[in-house]
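In what follows, subunit A forms one complex with subunit B and a second complex with subunit C.
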Partner chain A sequence: MQTVGRTRTHFLIRAWTTFVVLAIYLPIACGALAGLSKGRYFAFPIRIFSTEWWGKTWDSFEIHVLVQNSVLIALIVTVLSVLFAFFGALAFARYPWKGRRAFQRLLLLPIFFPQPVLGLALLLWFNALGISPTWKTAVVAHLVWIVPVVTLVIAIQVFSFDPVLEEAASDLGASRLFTLRTVTLPILWPGIWSGALFAFLLSWGNFPLSLYTAGADSTIPKWLYSKMVAGYTPMVPALGTMSTLTAAALLLGGGLVRFLLRRRAELRARER
Partner chain B sequence: MADNSLSAPAPKLSPGLRASLPVLVLLVAGFLAPLVTVAAYAFATPKSFDVFRSFTLQNFAAIFDTNNTVWTSFVWALALAFACVAILLVVCYPIAFGLNKVFGKWSGLVSVLFVFPLFVSENVRLYGWVLFFIKNGVLDGALKWLGFPGGPDLLYTPGITLFGMVYVYLPFMLFPMTLGIAMIPRDLVDAASDLGAGRFMIWREVELPLAMPGILIGALLTFVLAAGAVAEAKILGGQSVITITQDIEVAFTYAQNWPMGSALALILVLIVSGLALSAMARLDLDKILGKR
Partner chain C sequence: MSSVAASAQSDSPAASRTPRPVLQLVDVRKVFDGFAAVDGISLDIEEGEFVTIVGPSGSGKTTLLRMLAGLESPSEGYITLRGELINDVPSNRRPTCLVFQSLALFPHMTVGDNIEFPLRVRKMAPEERRKRALELMAKVRLPEDYYSKNVMLCSGGEKQRVALARAFAYDPDVLFFDEPLSALDYKLKKLLEKELKDLHRESGKTFVYITHSLEEAMVMSDRIGVMRAGKVVQIGTPEQIYSTPADRFVAEFFGEVNIVPIRRADGGWLRRDGKPVAVAPDLDIVGDEASVVIRPEYMRFVTEEAGADNTLTGTIFNEYSLGSRLQYQVRSRTGRTFLIEVPRAAAWKGDGEVTIGWDAGNAIVVGG
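== the complex of A and B ==
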């Protein structure tokens, strides 16, 4: 009786999860369809498929600039946020220190904060400092939100890290830097890698912070929004789909690297 | 190593504090300082840029004036956020349970499927729903093609705004909840079952209380984010609902009334951070994140 009930519950859970996953990807699929249909306006079922709008998007100079901005911002955000978050995660999870609990809570606050309001608050702050917003201020805005996320991602890895290993290395006479390079970093690599991937992808797809803090510079999500509000062209879904596919490719590639890193770590552990 | 911070009376900073410094500087300069600026602007002369030079309560007086209808935006934002949380609790619980107990080796893949949309900006995803629901869109077109009179007119209503919020904030509920359910020890459930507890009783008396920290974080996170949502109401809702963030945005942009926008933002921030801080004070983050 119990097992029959359980099997049925499990079936229902699987069915529900499948349904929700399909619903999540449905609008992304709709966008992909719209970008691939011929004609200025979208109508379903699609009569003629064409890559016309993909071609136009690919060749557009305006869009090249957007992509450059988005990539540049995301790359800088990735490097900086990993640096910040690596030490932040050690403070969050590794060292027992007096202010740790307060630090943990402070770190969560930017995540528990509506992003559009954060963007507007930063705009005010930059203005008060006399800084006119450009893509550089957008980098700062992204960092305020992304560093806490990446810190959490790395902190999860740090929690599973045994500090005894570091102590053993230093007892054996290793310098701090040597210990960091040969003990701490190799163990934390998978977490750092995931953090970097998160940083890049979250910056790449961020819309509310870029909207208010990038000034006259535009990023892909910001440009898409401006066209959605006024002046739809099929380039909107086409560029949206390209951007989504880029993120998917990065996630797949990044996941593969993480898998390899973990396997290498496991092999090494076995050798020892 | 652990008692370094206690035994050393030297002025040297503890390793934890030293490691936290870069992030602390970033958060003070990039998060706390902007909030202080907002607070300062909220007390500046209306429609001026006299921040730190004037002090007045006129902005708040205008907001609480009985002729002002801005309170409807607050009510909409909070009501939508509340409804969004309630729906997501029901939608996500089975999935979070499944990720822990049912999907087995597939749960990694399922998690990735739920994480990925976070990397696609919300306006792109919401616009996909517009293409789905619009006249001659995917739903309408498909129904007509099948011989039905056409799809229902759902777009540009408060209901679809709520739908968009549920859609966008789903991962923010799902993952904390999954972490929460992972904190339920298997043997405790087995023990309750051996002692004769029914499935509903186990769920109510054992599973739910143990998973509560994660569920609470998820509910709080979605509430806070949904209370500040604006893209859903604009793109899907067609401004049939004006949320408070949109009022704030209008004050900052078209109206050029930064003190008024700041006063509205300050009230929203107080509501949101009051909730966040009071709930966070009861949570042990080490336990939730460290449990692996």
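== the complex of A and C ==
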């Protein structure tokens, strides 16, 4: 009886996961194929395959500038939002004070605010202050929306952090800085890492905020959208596929580095 | 009750033994939002002593310990360590170390790294650190190969030993313990209590331990202080506390007891049911109300052959086996419940109706 149940469970698990993987990757695969079409227009089935558009995309100066903008914005947003979010998360998840709950709710509210409206509002503000929108204003706009998200991600880790550990470190003679360096930060690292990853991805893929606040500077999502609206070429899916592959390569690379580091630590521990 | 609090400092036998206390508390108070968690405690702790503070939860014992460790500062009063005022000295500048209830082991470190933490703070060289850690691991009976083990993979008892080794690595003058054994099973607890006592003797350090368990306090301590509502109601050797509790609270706290309320009448004492009570002749009670405290093992069944100074009748309504001994619950005619404990050989053979009693010399009379 039990084995029958187990076989059925396994079958359902497999069926479900296969469905999920297909549902996620089929559209991506179609997009990737679209980039490999020789024809200029988006049509299925693809008649002649070619890497022509990939080559053009790779060589395009315009695209280089786009990628640079997107990477720069995403990196700056990642660093700043992790910094803000780390201390913000500590403030409401670690220390008890009056109004921490109100602070937590206020902080999370911008997440629910529709991004196009937020982008427009910020643009109006920049105009009122006499700042002309560039990629720098886009960084500010991204931060407004991303810092709350990252704060939430890091706060989850901070909530599970036992403050007694800091007391114990102090009781064993450690200064505040030493405690932060050797106890608090190492324990919160996983949360900080995932927060940073979220920040980068949310900034990298953000369209509505960049549309309003980046001014004449373009980012990858902005360019993709404008090309879809007018002047489509297979460079659009080609660029999309390239960034997906890059992300996959980075993830695999990161995993590999982690694996190697862990193995080195284990070897060293065994040597001792 | 107030006369009891005043006697807190008086009956310490150690006071005459060593002239200078290592830790001294004078009228220490700690107030949180208008609530006095610690409400005026004066206490001397002698060099090399094992002092246990016992009390129910909420009695302020943890707050007291946190002030001694430097994790809270007192609202009023003075705490001195070897004659120096340490009220506002932060925990990382005190030569004291606290073993937390949760142990507070660093979960991202190995056993070795945990133990070496205080040595790393002092910038000791890695090789020396490692040597010292291994020495300490031997001292607390941790196998050497645990050095590179993830501390979160250790069992409860092993974690206990790691926490202890880490505290010793700090080499403090005074060690504090905040019920570190409370989460362990009975057998392991008993074993670690004995090891802790051995460690205390070998190291010669001063230990201050808090717990809510009478048994733990009795096994390990040189002196026991009983806390209630932010005050120390009695302090003395385990023997003193057990045999001469200062009041009903202490008597009841230290195990199951029978309480018989009595009142003064015509130079003698009467029970609630109007019968006279035989008490020890040298009784010194202020006021007209008092309680006779009789431990279950001093209660016995009264028969024609074996009488007792005081007797009462009732019915047995419960019987428990404690292994070599038996306990009975007896309900008296006035509706009070009495607990009586006898050797298995003296088990009650008759029906439910019994007469039980106690001798005046075996009972303690406390005021109130």
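One rule holds in what follows: the second predicted complex is superposed on the first by the 222 of 272 C-alpha atoms of A that agree within 3 Å, B and C clash if a C-alpha of one lies under 4 Å from a C-alpha of the other, contacts with A are read in each partner's own complex, and residues count from 1 in each chain.
Everything that follows uses one rule, which is that a contact is a pair of C-beta atoms (placed from the backbone, for glycine too) under 8 Å apart; a residue touches a chain by one contact, two chains touch by 3 or more.
What you see is a predicted model, and the numbers here were worked out from it, not measured in a lab.
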Overlay on subunit A: subunit C relative to subunit B, clash or fit: fit
Subunit B versus subunit C as contact partner of A:I187, first or second or both or neither: second
Contacts of A:S50 with subunit B and subunit C, given as first, second, both or neither: neither
Touching partner for A:V20 - first (subunit B), second (subunit C), both, neither: first
Touched partner set for A:Q68, first subunit B, second subunit C, both or neither: neither
Partner chain(s) touched by A:F178 [first = subunit B, second = subunit C, both, neither]: second
First, second, both or neither for A:E167, with subunit B first and subunit C second: both
Residue contacts on subunit A - larger count, subunit B or subunit C: B
Nearest Cα pair across subunit B and subunit C, whole Å: 7
Overlap of the subunit B and subunit C footprints on subunit A, listed as residue numbers: 167
Residues of subunit C touching subunit A in the complex: 69-71, 90-92, 96-98, 100, 102, 104, 106-108, 110, 117-118, 120-122, 130, 147-148, 166-167, 170
Residue ranges of subunit A touching subunit B (in the complex, touch as defined): 2, 5, 10, 12-14, 16-17, 20-21, 23-31, 33-34, 42-45, 83-85, 87-88, 90-101, 103-118, 120-125, 128, 140-141, 143-144, 147-148, 151-152, 155-156, 159-160, 163, 167, 201-202, 204-208, 220-221, 224-225, 228-229, 236-237, 240, 243-244, 247-248, 251, 255
List of subunit B residues in touch with subunit A within their complex: 1-2, 5, 14-17, 19-24, 26-27, 30-31, 33-35, 37-38, 41, 51-52, 91, 94-95, 97-98, 102-103, 110, 112-114, 116-132, 134, 136-138, 140-142, 145, 167, 170, 199, 220-221, 224-225, 227-231, 234-235, 245, 248-249, 252, 258, 261-262, 265, 268-269, 272-273, 276-277, 280-281, 285-286, 289-290, 292
Subunit C-touching residues of subunit A, taken from the complex the two chains share: 162, 164-165, 167-175, 178, 182-183, 186-187, 269-270, 272
